[in-house]
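Two complexes are shown next, each including chain A; its partner changes from chain B in the first to chain C in the second.
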Partner chain A sequence: MRGAASPTERRRPALFRKDGLKMKGPQAQSARKLPNAWKVRSRFIALFTLPTFVLFAVFVLLPIVQGLYYSFFQWSGLSKDMQFIGFDNYVKLFHDPIAWRALGNDLKIALIRLAFTLILSLGTALILTRCRVPGNRFYRNVLFFPVMLSVVVICTIWMLLVNPSIGVVTRILSFFGIASPDAGWLGDYRTALYTTIPPAVWCSVGFYMIIFISAIESIPAELFESAKIDGVSHWSEMWDIVLPLLRPQINFCVIYVVISSMNGSYLFVKLLTDGGPNSSSQVLGTYMSLNGFNYHQFGYATAVAMLILAATLVLSTVLNRIFRSDAYEF
Partner chain B sequence: MKHQGTLKKGRVSVFGTLFMILCAALVILPLVWVLLTSFKSNQDFYMNVWGLPKKWMWENYARAWKRGSIGTTAVNSVIVTACSLALGLVCSTTTAYVLARFRFRLRGLLRGIYIAAIMVPSIISLIPQYFLLMNLKLLDSRLGLILIYGLSSVPFATFVLYGFFQTLPHEIEEAAMIDGAGYIKTFGKIMLPLAQPGIVTVLVINFIDFWNEYYKAMTYISTPGKMTIPVGLVVFAQQSQFRVDWGALMASNIILVIPAIVVYCLFQGSIQKGLTAGAVKG
Partner chain C sequence: MKKKALVLVLVLVMAASLLAACGATSTGSSAAGSSAASSSAASSSKAVSSSSSAASSSSAASSETAKITGTLEVAVFSNGDKMDDFWNKAVAAFEKKYPDCKVTLTANPKIEDSIRPRFVSDNPPDIYYMGGNANNDEAALTAEGKFLKLNDWFDTATADGYDGLLKDNIGVKMFNTVNNDIYGVSFSYGTWGYYYNAGMAEQYGWTAPTNWKEFTELAPKIKEQGIYPMIHQGKYPDYLGYGLLQPGIATDSGKDTLVKMGNLDAATYRSDAVKNAYKKFETLRENDWVPASALALTHTEAQMEWLQGKAFIIPCGNWLEGEMAADTPDGFKMAYMPTFWYDSTNKPVYVASGTRISIAAKAKNSEAAKAFLSILYSKDMTKAVVEDAMGVPVMKDDLKGLTLEPSSQDMINQVNSGKVTVINEVGGAGNFEPYEQQRTATKDAIAAILGGQKDADTAVEDLAKEIEKIASDSSIQKVTIS
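And now, the complex of A and B:
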């Protein structure tokens, strides 16, 4: 057959190509012999993509469009009675201090999570690759494990750890002179929001650590060897060699932590504080379901949902612009 | 090219070792504490919160299974997770295969839609999906949850498998076609087995998602007999707000975690590789 084709050239069987019938070769000949070969091919493509797409459109795409549609109505969700009010929900959203606070809280959580996750995952990855630590594998597996855990379990544990009367974290902190608020760390309006962050960091550090480790391990040994010959110190090796080479992974980490925090911090907030006390730890996700399922203002709730979508898209675009980078080639 | 891998020679780093021990302790100790608490009686729990159980109360697990109705929810969770995995897998392997191996007119559009859908946060469809399920009479049913879980997983799973199918050599497919195998046979008998590592990755990622998901399940399911474990646990914790049965509550937590541990032990390598490889190119 076409034995001389270079390995980089993309080769496809004739029937898999748009111009398959014009192809030379055994497949094309057999295709020409069968007049309905194209029909069979088209039917196969339809069979494999259409049912999935229809279901996907109904259960995933349609709801997104519907969300946008609902946001222009005043609707209790209890009856079919929907009143078109144009952009009123968005105007209300714009003047709603709690919505702004929720957005601010989302951003605060994202930033704090980013700082801690980045430092801890990079730190552990560097230690596990550039320092000699006995039981290396063990630490990798242990630190990665929380990624598998349910938010429900993580939050149950954390709630007990910061419990004002029995929590061990509370006790350790008070041992160092940091007294817990009377209502506990989760019950005080000044600390509630920040107390929802540690469990989120706890369960995601391992994920980014593994990403960094595999990136560091793919750095050619020659680089480190020549650095060693040149007498480069440990710190300079880290700052001038490893970290610049990790740019793509660090960029990914920044974008991914921020976006997944924007789209996931409500899972922790819902269980730990449910937005309270007095809406001090409200985030957009919890505020949306509060307006919908508790206040029965589904139009307004979907407007909040659209704010989440807009914030996510804007943030990911901005972050992509800032952190777009060229990977170094070895 | 020689790669550095992990440092094997040289002095043991004292600071590094101590720091890693601290980190590992921060991960392990809370979990060990839950395990210990799950064997304590309530009195034992209050008297000695952080110590070993005085008497190992295995009946906590029996109580959690029956009274905390974790048994029913566990069965529901298994059904929902298994069916969602199957649905998601069937949908994503077929779509990914066709997108990766065939050129046809709407291919670009279809691929674009699935890739764009990865970016959309799932929470924004919480409310519209609620009313969709209501209109389809699927609210408060396991089937509704399965459809939502399974189909929501399609974009990302398709994305991962698409990359996988693209790397497979075309000669095998060609040979199968020449040997007279039809499209479906080529797909089922030849391409699917070759894509197995990708399929394992997708299954594991989806398993973690489906098994642990609680927000949508909590919103869509209201009958206790149809709840999944995470929801059952939240309800259990809320019900017992004033007189908490700590032993049974922690036992339920352990029951929820066990499958995750089993899956982790079985697929450790492919989980770490799969979860991170899909994320980073380079």
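And now, the complex of A and C:
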């Protein structure tokens, strides 16, 4: 139940329990008799979290605060002269059709990428753990390999794969009549945006697959044995045993894919289409970069950055609520 | 215990390397800061005034040499060995003439990444050569007053190996000029036009088109052979814009039209001259004279396809031979021509453009910087421009004994024959388009027409509306080009 101490927590000495100070009775008295233990524990926690927090504050919080500050100014980014203009950048952003198109593109990428990443990573994890696949370890390594590649390498490979003249992907699909052999998807305003999604999925599936594999392998074998004895089918096993127990990892995957997509789609779009043709594949990241480094309007660019932050927070909060789950302990 | 200690050491090493990277400073900034010449400090404060003394002429060579001391920091774009050679020659020539002044040279293809923040913190290099993507910052840096006015230097400078003043020996002025104030100069220039496959022309008896009518008559004959009349660097519609469209508009209606467009006159964008120019993209698409998939190609991909004989024509600036030297098949013949994107009987136009070099307004050694600029126009460096493929030298020079790149020679021959007119670009970076937003809007319009997303009339009307938006946007600093 939510809020109740887990079996592990109940076995812990009162001095070190999370709910130690709220306890009543003799155990609480003994806990309160040695407040130094809590201080020791607090210091211990602080010592190990402080460096991370400092790095987080310097490289994440501070830039966000600075960005918010700059968004109220008109600033070319090439001099110290900044002119305070209040909310003008946000008013301009509200009336900017390209910004809204970019936001829509970001949401499309995030949701499509989430669907494919979740299905592929979960599917491969299930196959590699619940089915007897020869060369299991080999496939795990091969599927994880793209995670280690640089995005530039991945995008370069993808551009060759979908090249209108020599692309293998276009040739195979044209063999099955799905596409014309000289299709230039990255240059077609109807397909450019969606063509940036496959490499983004490909380079992240392995990462989530490993997380799911680890979670599946930590499920006690007794549960599967009991299910087998009860005559549960593979599908039922997956739907009724494995997936519910993977809810926390699925939740993590959903949030992380969305966050990394909202922030990371910039790289794929920049390298593959540069927001074109005719801004059809523009995303907020590339639009922010265009305004900052090309148009020299850093104030407006940081306003776009704030929009990215707000959209990411809203989307991840909504998805967190949808995929919210209880933790199970064995 | 040992394991814990090892883990702790690894964590500390990683953290230390992270912090060390944050603390790195650019090379040369401390060297530039140690320049001690008081005369340079005095002259740098004078330099921004338009009434600096012309009396400090360069006639007294020994006194001039004596003035040039301390250190000079030069930051340049350079994308390879040949460019590096050019800059090393310039530095060597400068240090030979001014032995009391040492040069710190920083050259790399992403120079803007390290130099941009230095302009923000008012600690710029003395000299900045804005090639590559650094070009994008030129107009904004000029508007922010980051560059020194060079009018007084240009009025009195001389160039070794040439008689008289520099200004009398310059053939093509490629300056960054705002209201007649010079903020950047160029020692070489290039042009935009198109290349054609000369071997294919010989094989099939084709003549490279010199106007739009000739192109429309030739294109079906090319298609009959299963070859595309034209391919383009689709991801970068600038190639079509600068190589064909812009000089085509100038050919039909004169440089003034380009100037008005550069000054954000939406009515000019809506004029028949401009609409007719954009309609030609529609003709290309409707007749399948360019591959629809070209919009997906980068510049090197499109150029490779052209070298493989997939198309007859490709728009480009006159650097294609150099850029694709390693990929050009043996025996491949290419030739360079001005735009055919026009309907009148006027002489076709080349728009000449040049990468500019500027002196920082807060340069620590502006006297030495001016002397360095003069070195770049010397006879030896004119020779180096040709030898190191930096473009066509701007100086009036017969270039005896020197061999230009074939396309540059084609261009010079065409100009000398009187069949072609050259107009110089204005507006800083961007060939008559001083605003990056304007360039983006032009590229988007071209891509929209070629991709079938819009017809020409709609694309031009949307472009004109975008121009009006830029013109009325008070956050964009406006310049007037002429």
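As a convention for this text, the second predicted complex is superposed on the first by the 259 of 330 C-alpha atoms of A that agree within 3 Å, B and C clash if a C-alpha of one lies under 4 Å from a C-alpha of the other, contacts with A are read in each partner's own complex, and residues count from 1 in each chain.
Simple rule for what comes next: contacts are C-beta pairs under 8 Å (C-beta built on N, C-alpha and C of every residue); 3 or more make two chains touch, one makes a residue touch a chain.
Just so it is clear, the structure is predicted and the values come from calculations on it, not from any experiment.
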item	value
Chain B versus chain C as contact partner of A:Phe293, first or second or both or neither	both
Partner chain in contact with A:Ser76 - chain B first, chain C second, else both or neither	second
Chain B or chain C, by number of chain A residues touched	B
Touched partner set for A:Pro277, first chain B, second chain C, both or neither	second
Which of chain B and chain C A:Asp188 touches, first, second, both or neither	second
Contacts of A:Ile157 with chain B and chain C, given as first, second, both or neither	first
Which of chain B and chain C A:Thr124 touches, first, second, both or neither	first
First, second, both or neither for A:Val314, with chain B first and chain C second	neither
Which superposed partner A:Val91 touches (first chain B, second chain C, both, neither)	neither
Residues of chain A contacting chain B in one complex and chain C in the other	55, 77, 293
In the complex with chain A, residue positions of chain B that touch it	1-13, 15-17, 19-20, 23-24, 26-28, 30-31, 33-34, 46, 49-50, 91-92, 94-95, 97-99, 101-104, 110, 113, 117, 119-129, 131-132, 147-148, 151-152, 154-155, 170-171, 173-174, 177-178, 182-184, 187, 208, 211-212, 214-215, 219, 230, 233-234, 237, 249, 253, 256-257, 260-261, 263-264, 268, 271-273, 275-276, 279-282
Contact set on chain A toward chain C in their complex	51, 55, 74, 76-81, 85, 88, 92, 159, 162-165, 182-189, 273-274, 276-280, 290, 293-297, 299-300
Parts of chain C lying in touch with chain A, wherever the complex brings them together	15, 18, 116, 119-122, 136-137, 140-141, 143-146, 234-235, 291-298, 301, 305, 310, 436-437, 440, 443-445, 447-448, 451, 453, 475-477
Chain A residues within the chain B interface of the complex	11-13, 15-18, 26-27, 30, 40-42, 44-45, 48-49, 52-53, 55-56, 58-64, 66-67, 70, 77, 120, 123-124, 127-136, 138-153, 156-157, 161, 166, 168, 202, 207, 210-211, 214-224, 248-249, 252, 256, 262-263, 266-267, 270-271, 285, 288-289, 292-293, 298, 301-302, 305-306, 308-309, 312-313, 316, 327, 330
